[in-house]
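Please go over the structures that come below.
After this come two complexes, each holding chain A, first together with chain B and then together with chain C.
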Partner chain A sequence: MKKLLVILLLAVVAYSLGTALMSVKFGENRLGNVQDEGTVSAFYLNNTPEKLSVANVVTAIVVNYRGFDTLGEVSVLFLAAMGLGSILYHRHKEGEEEEAILKPSSQLIQAGSKLIFPAILVLGAYVFIHGHLTPGGGFQGGAIIATGFLLMMMAYKDYKVSHKVLTWVESIAGVTFAGIGMWGLIVSQSFLENTLPIGALNNLFSGGIIPIIYIAVGFKVAAELTGVLDTLLNIKDKH
Partner chain B sequence: MDLDNNLLMSIGVYGSAIGLILIGLYAVLIKKHLTKIVIGLSIIDAGIHLLFIAIGYISGGTAPIFSPAGEKIVANGGIMVDPVPQALVLTAIVIGFAVTAVALSLVIRLYRHHHTARIDQIKSLKW
Partner chain C sequence: MMFNVIVILVLAIILLAAAVYAVAQKDLLYAVLATGVISLILSVFFFIMQAPDVALTEAAIGIALTTIIFIITIRNTSRREDEVPVEHEPDRVEKESKIIKQ
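Then we have the complex of A and B:
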């Protein structure tokens, strides 16, 4: 009976979504002429190469045009990591036997993960340093670095990451992001104003504050995700 | 013929996005295990992301990156796809990750308290 109701509801949802999307043709050009700047996307596509000299327009939108939004996003991620820690906080009682849920892994995984761990770190750093030139950016690079740490944690049962170091990296990266925003407010008129010289298109040193902010975001996301994974993997089972 | 092909493409792409959303909704509404409900929420997320990217796509468009190759395509009269949905989805993925992490931690907390993660076996939920 309940299943029938749910399927009926799903049919209603599917019908309404389908009829709404019937008028939205797939692959239709909705930007208009890019030179006319009739839509906000056309404005971004037309102005980003000359005014910011950032090759990746998505990065320009995320860090420059919508930089304040990204600051909020980073703080949401920080709040999630902090909330996870406080929800899962578990005081150790005396005389209570506890067992880690992680089991030791095989020799093959241990040797292999030790081999590719530095390569994963380098790839993550490459992705967030070149966030304004190639597809990628701070969030993606940070996630890649966190997967490297996840591999090490799963291969070695007693692999520890120092929470003090993670906290410091996270704090310094966050303060850098907010500080660059305040610098824009002091030097120019608005928060996160791009005040540095923008350089030439497709150079590593181009885009003004955008690469600096994305590197800070990369460090912050890597530290936060590593902290989250460490908290989740170090859950002890009560006996 | 060309129009037919386009219609098939839109049914395929939008259909798979809506299908993912429906699968996720089904899991959230029917499944009893809390971990499966969280997985359902993630599947809904994936469907919405696919829908966003599909709406921003322009046929024949290239990635919105002004690398030397991209600049050549634009100079030859090519077009770039809409960058705004991609930027929004980048935000949405990160928020989705945060939501999943907090939801899973709440599931772990419930499991510790009730020794089960199935909502039909948690007695204090019944009235």
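Then we have the complex of A and C:
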């Protein structure tokens, strides 16, 4: 009965939203014609490849034009991971009996995950190193690497990641991001200013500070999400 | 062109069915798996609508990480969704202990 009411309520909300949005044509370009100079999208699409040598315009917007927002996003993720860790992290004491909540996996899964784990890491690293050339970037690559570690944690009951190493990786990546921002402030009076040479379009070493920042973001996100998953998997059963 | 429309329609119907199933299912494990299916189809939709960046994010976070975090939470709490939570029945423990004594 309760479920029925929930579905009914959702249907009413969907109907009212649908009638409100029915006049907007699906897939229509509402930001103005890209060919029309003077719109924001036209500015980004026309100027990014020449001025920044970045093939992926989304990356250019996220890291260069809106770099300060990205720093804020990374801080939000860091605060979320820190809050979760401060509530749930359980340090293993000496001589304490360990009771894992996971059952051991079958041999097939163990062998298969050992085989596929390096490939996942390489894919994640590829996604964030080539963030300015192909779709993807630091957040996506970091999440892919975290899923690789998750696979190993689930396949091997006693697979441990060192929280000390994770903390260091995360700190160094965060300091790199903020340090590049401060360097731009010192050199050309603007936080996160793109001060390095931009190189040629479609080269790996192009885009100035964009690849460096995305590599730092990738390491940071991977370390944070791996730490969150490890903390969650090691919750002690209270009962 | 016709083929694309049919594929998108079938995917959209599966998406809606999975969403309704996730709300209606009492067993939370199956509900979480249904949300994983929703993320999978959404990521295909993002790719069709030429947003590969968002599709990658949805694939990595929506399908793998969120689902696993929910499953871990279910492991540590309870799998069935009860109509009345235990806290709202203060005399249930007494009743059960009486039954055991008898």
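Heads up, the rule we're going with is that the second predicted complex is superposed on the first by the 207 of 239 C-alpha atoms of A that agree within 3 Å, B and C clash if a C-alpha of one lies under 4 Å from a C-alpha of the other, contacts with A are read in each partner's own complex, and residues count from 1 in each chain.
As a working rule, a residue touches a chain if its C-beta (ideal position, glycine included) is under 8 Å from a C-beta of that chain, and two chains touch if they have at least 3 such contacts.
Source: prediction; values computed, not measured.
**Q** Touching A:222 in the superposition: chain B (first), chain C (second), both, neither?
**A** neither
**Q** After the superposition on A, what does A:202 contact: first (chain B), second (chain C), both or neither?
**A** After superposing on A, A:202 lies in contact with chain B but is clear of chain C.
**Q** Look at A:166 in the shared chain and tell me whether it touches chain B only, chain C only, both, or neither; answer first, second, both or neither.
**A** neither
**Q** Could you look at A:192 and tell me whether it touches chain B, chain C, both or neither (first, second, both, neither)?
**A** Touch partners of A:192: none, neither chain B nor chain C.
**Q** For A:146, is the partner it touches chain B (first), chain C (second), both, or none of the two (neither)?
**A** The answer is second: A:146 touches chain C but not chain B.
**Q** For A:136, is the partner it touches chain B (first), chain C (second), both, or none of the two (neither)?
**A** A:136: touches chain C, not chain B.
**Q** Is A:48 contacted by the first partner chain B, the second partner chain C, both or neither?
**A** first
**Q** If you tally the residues of chain A touched by each partner, is the higher count for chain B or for chain C?
**A** B
**Q** Touching A:232, do we find chain B (first), chain C (second), both, or neither?
**A** both
**Q** Give one of first, second, both or neither to describe whether A:69 is in contact with chain B, with chain C, with both, or with none.
**A** first
**Q** Just to be sure I follow: which residues of chain A are touched by chain B in one complex and then by chain C in the other one?
**A** The answer is residues 2-3, 6, 10, 27, 56, 58, 135, 137, 139, 228, 232, 235 of chain A.
**Q** Provide the residue numbers of chain B that touch chain A in the complex, in ascending order.
**A** 6, 9-10, 13-14, 18, 21-22, 25-26, 29-30, 54-55, 57-60, 63-68, 70-71, 79-80, 82-84, 86-87, 90-91, 93-95, 97-99, 101-102, 104-106, 108-109, 112
**Q** Spell out the part of chain A that touches chain C in their complex, as residue ranges.
**A** Residue list for chain A touching chain C: 2-3, 6-7, 10, 27, 56, 58-59, 101, 127, 135-137, 139-140, 143-144, 146-147, 150, 154, 225, 228-229, 232-233, 235, 237.
**Q** Which stretch or stretches of chain C touch chain A in the complex?
**A** 20, 23-24, 49, 52-53, 55-57, 60-61, 64-65, 68-69, 72-73, 75-76, 83
**Q** Which chain A residues qualify as touching chain B in the complex?
**A** It is residues 2-3, 6, 9-10, 13-14, 17-18, 21, 24-31, 34, 40-41, 44-45, 48-49, 55-58, 61-62, 66, 69-70, 73, 76-77, 79-81, 83-84, 87-88, 90, 133-135, 137, 139, 201-202, 221, 228, 231-232, 235, 238 of chain A that touch chain B.
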